[in-house]
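Shared between the two complexes below is chain A, which has chain B as its partner in the first and chain C in the second.
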Partner chain A sequence: MRFKLILKSVFHYMKHRKFAVAVSVVSIALAFTFLSFTGSVLFAFAHSASDNGIKYPLIIGAEGTSDTQLVMSTVFHLDKPHGLITDDVYKEILADKKHVIDAYPIAVADNYKSIQLIGTNQQFVDWIGKGYVAKDSSVKGDLLSDDDIHRVVVGYEAAERASLAVGDTFSGSHGMVGSAHAHHHANFKYKVAGILAKVNGPEDYAIYSNYKAVWAVHDNMHHEHSEHHDEHAEAKTEPHDETAEHHNEHAEHHAEGEEEHHHEKGMLTSGKLTAIVVRTVNPIATVEMESIYSAREGTTAVNTSKTVRRLIEYMNTAEKAVGIFSYAVLVIVLLMISVTIMMGINERKRDLALMRSLGVGRTAISSMVVIETFIITALGLLLGIVVGPLLLLYFKPALDAAMTVNIEPFIITNIEIMGIIVTLIASQILALIGMIRIYSMNLVEEIAKN
Partner chain B sequence: MKKVIIAVAAVLVFVTVLTVLRPGKKGSEENVLPERTEQKDDLVKMVEEAEKAKETVKEPDSSEKVEKQEVLPEGEGDISLRDSYSQHGQNSFIKPNMKVTKGKTPEKIATVEANFAKPLSITFFGLKKIFMYHHIKGFYPDKIANGFNGIAATVIGTIMPVETVPESGEMKRFWLANPKVVMSGCIFCNPPTLADIIYVYHPDKPEKPFQIDREKLYKQVTMVEMTGRFFIVPGSVAGTEYLFSMELKDYKILN
Partner chain C sequence: MDIVLNNVSVSYKGTDGKENRVIEDMNLNLKKGSLFYLKGGSGSGKSTFLNVVSGLILPQKGKMTLDGTDISTLSEHKRDLFRAKNIGYIFQTFNLLAPLNVLENVCFPAIITGKHTASDNSRAKEILDELGLKGYYAKPVYHLSVGQRQRVAVARVLFSDYSVVLADEPTASLDKISASIVKESLLKLNKNGTTVIIASHDSTFDSHKADVVYDFEKRRFEDEI
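Up next, the complex of A and B:
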């Protein structure tokens, strides 16, 4: 009966301070939503990293490439490849039946609307893919066979982003990101032969072609450049007035394309690859091959699991830092709520004194603070639990595309569970402080003072 | 004054609660490894007993020796390794990329019935011992070859997925790896061998399907104690090759 009365009284006061209560609830919900975002994004990163460590056990690239750069460029398509290796290495790896189940060539140099064009083979697409949502029915056999190197297979999200459908044709631009100044490979047209089913990974955001197509494009580009240089050399002998403009254009062209032109460093022409993805027979074979190809001149090998584990360790540290920050925000919000509640109590001292004179005990009166704090905190958390995943669901497409991961909005991560526990405990500790203050307060004297 | 003491006490309680509930503490190496080192190493004992028994047996005559040498793997590396072992015994240098001798021993290995009432406790240290024995001599000790394949055993190790983990967290096959392989900073300094990984798989109708919290699997080193039938016959599943395998019966996640 008494508890019911106290509860009724609490709801009555909350109703009177609607705005303050609403602000408090929303503050907790927002702080919790931030925590929820952090937990889900970091989980998606760890998930993607771990899955790709399984899919791409070993990556072999050019000597001098860092582990992270090789993994980022080959697996996540987030960085540019560094240097080239010859396809003899690929052939040699394919022949190594002791260590290798299969190996896939990777040749990356171009993009289409900032989506990376990855030169590889049909086996690679079969390994990473889960079938097709659309396929050119006129093609007999493999889509990326050597019969027609113009055919490409497009990742699910890439097809949506670039509005590509089966049968569409396009040409790539040189470099990893779309740029107005980038060299446009207009002479070589790609034709969409298939759209991959969604795999919830970085593969959704790429376009796959036959690696020999990448060679053909760059052999052609190399040839064009040689001719262009010859023309330029000849032009130097002509009168200055006529060629001044051409000279400037040539200089600009070279300055703008410095990064993307591998002209001096070595173009991705026939017989060259940017990386080789190796599927090994077991983790021991991965370690052995990593050791062999890291020691060899001209190549470097990356054990993806090891690199991914290191990335996850960094992320765990980041998660702890963000977690502490988020908990601190939650505690600050709770402190503000406590102050608001205490101010509210000061305002209703007269009512409380009346209740006291009617025989309601000190404990019952002081427990009102605890109940009110608990209700506000619980409502805030509930709102955060509901709103957080919904907001994440709304932002998912943009976040997935930006980070090439698959965010699962409705997963409850450990950081969120900890957030709920910390918020509830902290709120009750703060409420207890308020409760003690009211318990030790002589309400009649306090009113008399006023 | 009283209020200040109460406030300080409340803050202390809060900090203590936060410290106790701190995530990641459970997954630390210190919390897990002591259990592993305390584990009784039955396998090492078995190998040592087998070696002792061999020492007491009289040397075979020269014709027997020739016959045995024909069974051993051929190649210069193997011979030098064998010579090294005969000269230096157990302390001989073992190359990290040593190849397991295949096709010689499986037919000699007997499969035993599993007695899950008294499972054998196995450690990776013990497995390395029999792996090296097999490598150098080309066959397992009799006690291992006749009484070990298919035995009920328990092993403690870390989980390494073989394939993408489904959202349910149920894994049908995975590697159980020596924690040192996963936790050590430099795997080149301590190169793992096939004895450092066990291929664990579900039987067709598992009594207790292996299920794991994905977040734990992705973000920390997950230690488990596996109980099942242990096999020493090399095999291959969808291109994945293993030397030791275990058919899972029961498991306990330790962190």
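Up next, the complex of A and C:
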């Protein structure tokens, strides 16, 4: 009963400062939502990195490509692959039965509606996939086969995003996702032969074609480009103003497209690949192959789990930085709340003095501040715990697609648990300051004033 | 409850830094059930005296006992409990706790001391009915008039069966009807054996003969020459 009255008093004072209380609750909720949001995104990425690190043991790429670049482009379809390797390397790896269970060619250069087109083979799709949600029943045998290199298999989320269904046709654009210098391959049509079942990974956000289709597209492009060069060489001899203009345009075209088109030497034409994913027989084989292909001229090898571990370490550092920043924001918000509660104490001095005269002890009176601070903090945290995941749920499709991960909005991450603990402890420390203030108040003076 | 003061002095430091002695070497032996009337204008020391008796402030010099208990020797917590159990206080204004309704305000001391029972509510309602506050039980106190609020404060004192009741200008800001109800209630309390100390600078209580009268302006008891 006594506690009920104290609680009733606390709610009464809170009701009389509705605006300040509402601002305080919303401030805590927003600060916590920020923490929850970043925590979940980092968690999802680290989780995905960890899963895929195990799935793709070894990746072979062109010499000069960094480990992170190779992993990001091959596993997460996020970065650009730099440089090319020949398919002789692929054939050689495939023949190495001592170290290799299987190896898959990867040829990445184009996209469709910002979704990466990955040139590979049926074995790779079978390995990463979990079956199909839709399939072209007229196709006998493998969907990605040399019989018809126009056929593609689309990842679950990619099909949703690009509104692709079995039987649809489209043509890719040359250049990586987000490139400003895209070149449309209008004369090569891909045909959707299957939609993969959801795997909750980066694979959901890609389109898989036969790697020979990628070669065909770029052989054709190379041919067009060579003709264009010849025309240009002829035109150069004509002393005409228009030719000068054309020359300038050509020069600009060259400068802009150089990086993306991998002109001449870098073009993904027949016999070239951007990477090879290798399934090794055991971890020792992974280490041995890593050392062989890292030492060899023209290639580099990446032990995916090692690179992913390093990536996760970066993530942890980022998580810590975000955590510290978020906790600091929360503490600042709590300081603000503490100030408003202190102001509230002055408003209720007379009631507190009367309580003292009626025999309520200093401790019971002071505890009201602790209860009030706790209620405001808990309400703010509760709101944040509810709003954070809902916001995350709302932004999930965009975030998942941008990061090729599967964000779980309703998982409580360590950073959030720490956030709750830090907020509750900090709020109670600040409440103690208020408590001390009331404890040291001369309430008798207030009675005397009366 | 017997109240005994031996050479009690209380002083405050004024804004000019000088020591302002409000009560000086006061001696008093007030028997249980007495009616003690404090006279004097504002700032003469009446409220300070009541604060000393209630134990809200301790005398800088001398000794005060309530039924033989020197409350200055008690810890603050015990003093709070002693006050909650034995001493009722009625102020001129701000007698009620804004967060609570009328009934909760009346029962508040019993609730705080953990003595509140279910039957207390009906007794508190009877007292409120006698004071003309029938049906006001669940009303928030800030919806009442000044006179009604003062009657609720009196109801709280009547409900709690205190040994001592201190009233600081209880009728100063009341209309005639409310002032009369408050006065009669306090006198009835005294008649039933409660020691009542009333500080007032108006004439409401002049017609009634108090057992002891002290004039704070003259700093002497009225029967003293």
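To be clear about the criterion, the second predicted complex is superposed on the first by the 419 of 450 C-alpha atoms of A that agree within 3 Å, B and C clash if a C-alpha of one lies under 4 Å from a C-alpha of the other, contacts with A are read in each partner's own complex, and residues count from 1 in each chain.
Just so we're on the same page, contacts are C-beta pairs under 8 Å (C-beta built on N, C-alpha and C of every residue); 3 or more make two chains touch, one makes a residue touch a chain.
All figures in this text were calculated on a predicted structure; none of them were measured in a lab.
After superposition onto chain A, partners chain B and chain C are found to sit side by side with no clash. Legend: residue contacts after superposition of the two complexes on their common chain; A:N316 is shown touching chain B, with no touch to chain C. Superposition on the shared chain A places chain B and chain C such that, viewed from the Cα centre of chain A, they span 100 degrees in steps of 10.
Legend: residue contacts after superposition of the two complexes on their common chain; A:R296 is shown touching neither chain B nor chain C.
With both structures placed on the common chain, the touch criterion links A:A426 to chain B but leaves chain C unconnected. By the touch criterion stated above, A:K91 is placed in contact with neither chain B nor chain C. Touch criterion not met for A:K130: it reaches neither chain B nor chain C.
In the superposition on chain A, contact is made by A:V360 with chain C only, not with chain B. Comparing chain C and chain B on the residues of chain A they touch gives the larger count to B.
After superposing both complexes on chain A, the closest C-alpha pair between chain B and chain C lies 19 Å apart. Those residues of chain C that touch chain A in the shared complex are 47-48, 51, 54, 56-57, 76-77, 80-81, 83-85, 89, 91-100, 104, 108-109, 111-114, 116, 168. Contacts from chain A toward chain C in the complex involve residues 1-2, 5, 8-9, 11-13, 350-351, 354-364, 444, 447-448, 450. Here chain A touches chain B in the complex through residues 43, 46-47, 49-51, 54-55, 98, 101-102, 279, 281-285, 287-288, 291, 303, 305-306, 309, 312, 315-316, 319-320, 323, 327, 408, 411, 413-415, 418, 421-422, 425-426, 429, 432-433, 436-437, 440, going by the rule given at the top. If you check the complex, the residues on chain B that touch chain A are 3, 6-7, 10, 13-14, 17-18, 21, 23-24, 96-97, 99, 160-165, 167, 175, 177, 181-182, 187-188, 191-194, 196-197, 214-215, 217-220, 236, 239-242.
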